Amino acid sequence: MTTSRFTRRGVLKTGAVAGAGVALPTIFTAGSASAFTNEPKGDTVTFGFNVPQSGPYADEGLDELRAQKLAVEHINGEGDGGMLNTFSSKALDGTGLLGKKVTYVTGDTQTKSDAARASAKSMIEKDGVIMINGGSSSGVAIAVQGLCQEAGIIFMAGLTHSNDTTGKDRKKHGFRHFFNAYMSGAALAPVLAKAYGTDRKAYHLTADYTWGWTQEESIKAATEAVGWQTVKTVRTPVGAGDFSSYLTPVLNSGADVLVLNHYGRDMINSITQAVQFGLRDKVVNGKQFEIVVPLYSELMAEGAGEAIKGVYGSMNWNWQLDNPGTKAFVKSFGEKYGRPPSNSAQTCYVQTLLYADAVARAGSFNPCAVIEALEDFDFDGMGNGPTFYRGADHQCFKDVLVMKGKENPTNQFDILEIVELTPRAQVEYAPDHPMFAGGTLGECNPGD
Amino acid sequence: MLGLNRKDTTFFLIVIALTLFTPFLMQPFGETSPLAQFNGGYPDLMAKVAIFGIFAIGFNILFGLTGYLSFGHAAFLGVGSYAAVWMFKLLTLNVFPAVILAVIMSGLLALLIGWISLRRSGIYFSILTLAMAEMAYRLAYSVLTPLTNGETGLQVRPTDPRILDGPGAADYPNLFGLELSRSWRLEIGDHLFTFNVGYYFCAAFAILAFYISLRIFRSPFGLMLRAVKANQQRMNYTGLNPKPYTLAAFVISGMYAGLAGGLMAAMDPLAGAERMQWTVGGEVVIMTILGGAGTLMGPVLGAGTIKYLENIFSKINENVLHDWFSFLPDGLENAVVWILSRFTGEGWALTLGLVFMLVVAFLPGGLVEGGQRIARLLRRRGGKGEGGAGGGEETAHTSPSTPPAAE
Amino acid sequence: MDQIILQFINGLDKGSAYALIALGLTLIFGTLGVVNFAHGTLFMLGAFCAVVMQRILTLSAITIDPTQKDFLGRPLEVKTPYVELWFGHDIGQLLIDWAVPLSLLLAIPFMALVGWVMERGIIKHFYKRPHADQILVTFGLAIVIQEIVKQIFGANPIPVPAPKAFSGSLDFGVLLGFDPNVIVYPYWRLVYFLFSSVILAAVFAFLRYTTFGMVVRAGMADRETVGILGINIDKRFTIMFAIAAIVAGVAGAMYAPINSPNYHMGMDFLVLSFVVVVVGGMGSLPGAVLAGYLLGILESFASMNVIKDALPGIDQIIIYLTAIVVLLLRPRGLLGKRGVMED
Amino acid sequence: MGILEVKNVNKSFGGLHALKDVNLSVRENTVHAIIGPNGAGKSTLLNVLVGKLIPDTGSVMFDGKSVLGRKPYEINQMGISRVFQTPEIFGDLTVLENVLIPCFAHRDGVFRMHAFETVEREAAMIEMAERILEDVNMADKRHAHAAALSRGDKRRLEMAMCLVQEPKLLLLDEPTAGMARANTNSTIDLLKEIHEKRAITMVIIEHDMHVVFSLAQRITVLAQGTPIVEDTPENIKGNPKVREAYLGTAEV
């Protein structure tokens, strides 16, 4: 006991501490306080990778984890450096971060907001992480983002597509590189209008939860803006498995386009079954019936197999893009893991590097300094072309990819093709756009 | 003391001591020790153990005593959380009103669900509770979003009215100003111990919950509940209507679940619909059985074991395993790591399933029975050895008017 | 009108899957008196039989084609399935195309084996234990099987298409005198409906017209007497369990094109199949089938837009709501025998 | 007027007319046996008496009140206790606890929580339970697990559980079924003693004529759902109708 030293941690408001400290027995006097939550004191700094390792998105989580590990290697100067070679900011030199080696811990979100919060909490409290990255659903992103704000660490969101993440639930400590439902709509609608004409009637099947609703709202608004009509929007239970009873009325509703606002397993089942219903073989209103899946992912495309051939959707990034950043990343990822990275892997990789770069530029791990470095940051070379991290809502703005299921794939990874690279200007919006209104970032919170 | 006999008083004091010293007990390894991985003494996990301990103690009052197997208790957990968060949003971030409303709301829901479900018994009862919980979950996830905020979960926002909180009030759940998330850390040499307000808050409730459960076990009411399990026919022909007893047990266990839900919200003010899913209800079943249904200490042990495994086991990924077995020759190391990694990290659910099956098959009395068997074995070996943890428990099962089973 | 006909067909089709799962569950409960929470998992294993069959048929020889490049710009490894090499391209493609129906050849022996192992290894030790213990041990088993499948096949659903001959849909409405495109239904789902009817008929015929079936039915009615008659009931129990596993397995294999197999689908069907059995009446085979179709139809009707608009969310809870109402009004289920776990 | 009056009770199951115009009067403080060949309707009658079955027509009055439509536990509260063919006891509990439950039931009625009282402090209840265990010679087994008792002991325990409630009427459904002769005799002695000491009215349904003639003061003979005769044991023995319907084929 002679060498005992007492510190406090996890205190969220300094004001309250002093009073409580006095009230306690003298052995509990406050010692040398950290400047902020989980300030790295040794020769390492720990990142937390919170991804789904069980549940329906486990494979997506696995791919995110691969990318995150790769990012850590590159920051520490192992491997070929990946996008660090093409990144416009040169603050990272492959010697770790501010002289510290980067290590990481992993957690399982189970794609449930409860479980994700719990695992994030344990990473913050037990493992002392300074930043959390990952996830594959908006519910999880919003829940963890809130927690990070309270705890005073940075959250670099993984795959989250709901408008709310940087809309009404935006947080000072949360940053999203991934695109969102509004951008999907803005990018898709012109392409759809070009491909299918402006006189179309759409029928929406929407997963009955927040992300589904924001996507439905966004796609509906964007397609109606190019002249489409919306015949009907129907909410389907999450995890329904069998969508037949929702698909049967579609053909007779007068609609000639089916929009599936589903993701993951729901999307795989709904599109497979829609194709089985022969919808795409039909001619309605004198036009070929079409299916649209606004949000694509490689794993979903893989899971849906043949069914996605010729189906339009949007993506944040794809490994087939022709730019140096993409090429460098696909090379180091592909050589290490034997497969091209998914777009959720790319967003996690880039987010991890962006965080590290912000720390390096700020010269500090203090979240307030890091936030300042990330806000309104312009960069390039990360695979998406020139990108802008908007300070007003912490949303990244970059080109959006419109994809189509490939008709004649040549190999197992060649299932989607890029139809159009929608320029950034076309998907930009004001921070107080009605679909995003009602949120405030709040204040930067360094913790204790 | 407190209406307990001497033996129970000792038992209760031991439980209190264990609860108070959990920050030490769950943190046995130094920070730089290679076994630091197995330390579980951080606030979130300790509070989880206390909270799920409460949940399981309550569930045990229903299942352990009356034998009614409910798969729907997750619904009460969820309602407790929602009620608590609504209190945070509308009234104050002080946790007391929240916890009280959580208990009341879950009690009311339990009264309703229990009144319907208890018209049946056996598997029908299980299916009914399952159906109710699944309904509650699905509604909370989608249609009831205005009340529950659906997938994202209900959370506290700066714009909430919080009419009882003045302008200077704390921004996080607090106990009359003392924030639950606050911790003190004590470093002794290489060891680091964390004392968290929230944990002790939950622990106080856990002790209270345990005390009430102890009193119920020892009471005529507890005796009646055990009679329900033993023989409903005889109970009827003894002039007793089993229904009100079971319903009371159901409501009490529902309130326990609501308390657990309220505390969960207090520790982390976000209530997600997933905690109403029937698999969460299944988890508390697993906890209770694993620890030992119908015993006092069993549910707490089960809850602690599962929460610990979930948090610690699931973090043992392949890298960690490679570190441990690096002393082996390469081929062997890879083989060992490959096999073990099937059961750790993301494969921990497999371990849980296996352990659970083995316990149900070979150790119906759960860990408590296991402890007793070992204690008995030791006693037989070494003449008069220590009773171990199971010692106090042995009498806990039977009535206090009974001396310990003759050895 | 057309909507009602359409949802009715849809309900029958949905119900056929429910009926098949519930049938196996009831067989096990009726003869063995065991409440099997792992039954949904057997369905899932069946679906993975289709995946395995597809993988077997597409086992490929690898050749390097320097004219094509893979995603890293290396020469592409071209895979040619052995069946194409052995039987020629056309027959090989046909075999691969018919992987799902062919998988029944795999599913039947495999599921029989699984059933046998499960019954001999675990279930038989639980005949005398309380129902709660049976529920718990099979619940644990379900978790274990599911996790093993996940470790082998991953968490992502695996597409298993139906044979091309059955792609597209039948325009039912035209046959009934409606306009085209009013009532259409996919061929494969119609095949599934017929298939399940055949299986149901086969099981009922088996129980009615074979000595074995007679003994089993007698056993369902009165287990003790049959035991006293000196009939080796043990062996028959094992066979019954295997049959129930096969029924669940083939139901799952044929369902693979409709619902891409994933490790979790067993749990998704578990709750549902129990609800079906309970509504039909624990231990009643016709009850299980009837309840399967009934719940399928109710679910379909509940998801009609008119009804959904009037009662939001009703389609999500209709099954559970029905179960609660039936259990309260008619505790022994629609066709349940008097006195079988009635209280 | 008897303590138990059964009037014109009819009960059929589908086509089977199990009870036909049953009339029965049991006088207070007698031991009344109901005998009859298998399928005569004895068990059905008993189930009607305890409220498990509701007759199609007729009335059953106990102590001046109708028992029809009441739940088994309500009928028990009126003062009717029942001993089953296979002893129904609380197997998971100890012998003492088994007896404590009817003690509490007797004191509290249908439902009282008592969640914060302690069983071991209920001295009066424990004393009452211990006393009855003494009476049935089971005091030394008070801490034994009830499920582990011998069949005879289970029967005694069940009897003790009924007696402690001080019922006005004790229904016994073949109390010696499956017992060895020695056990049967000791049960007979026990029942006799109970009857003499406590003055409880008993209705016994029994196959074993040895038991019947050792205990009963009145006997009703049921045949095909109808009582054909009711009389004292001595007269029953000589009654040709009974001989024809029953005793001719009986083993005694």
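Letters A, B, C and D mark the chains as written, and numbering starts fresh at 1 in each.
The rule is simple: contacts are C-beta pairs under 8 Å (C-beta built on N, C-alpha and C of every residue); 3 or more make two chains touch, one makes a residue touch a chain.
All values reported here derive from a predicted model rather than from experimental measurement.
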item: Fewest hops from chain A to chain C - one hop per pair of touching chains; value: 1
item: Pair exhibiting more inter-chain C-beta contacts, A-B or B-C; value: A-B
item: Geometric centre: closest chain by C-alpha means; value: B
item: Greatest separation from chain B - chain, by CA centre; value: D
item: Distance between the centres, which are taken as Cα means, of chain B and chain A, whole angstrom; value: 34
item: Distance from the mean Cα position of chain C to that of chain B, given in whole angstrom; value: 35
item: Chain A and chain D: spacing of chain centres that average the CA atoms, whole Å; value: 74
item: Length of the line joining the C-alpha centres of chain C and chain D, rounded to whole Å; value: 51
item: Multi-partner residues of chain C (at least 2 other chains); value: 312-313, 316
item: Multi-chain contact sites of chain A, meaning residues that touch two or more partners; value: 54, 58, 208, 235, 237
item: Set of all touching chain pairs, with the criterion as stated earlier; value: A-B, A-C, B-C, B-D
item: In the complex with chain A, residue positions of chain B that touch it; value: 39, 42-45, 48, 138, 141-143, 145, 149-153, 155, 158, 170-172, 177-179, 181-189, 194, 196, 268, 270, 272, 274-275, 311, 314-315, 317, 345-346, 349
item: Touching residues (chain side chain B, partner chain D) in the complex; value: 3-5, 212, 215-216, 218-224, 226-227, 229-231, 233-241, 244-245, 248, 252, 398-403
item: Chain A residues within the chain C interface of the complex; value: 54-60, 208, 232, 234-235, 237, 239, 241-242, 244-246, 248-249, 251-252, 265, 268-269, 272-273, 275-278, 281-282, 284, 299, 302-307, 319-320, 330-331, 334-335, 339-340, 410-411, 413-414
item: For the chain C and chain B complex, residues of the former touching the latter; value: 35, 122, 125, 130-133, 135-137, 139-144, 146-148, 151, 267, 271, 274-275, 278, 282, 312-313, 316-317, 320-321, 323-324, 327-328, 331, 341, 343
item: Complex contacts: residues of chain D adjacent to chain B; value: 50, 71-74, 76-77, 81-82, 88-94, 96-97, 100-102, 104-106, 109-120, 122, 126, 143, 161, 165
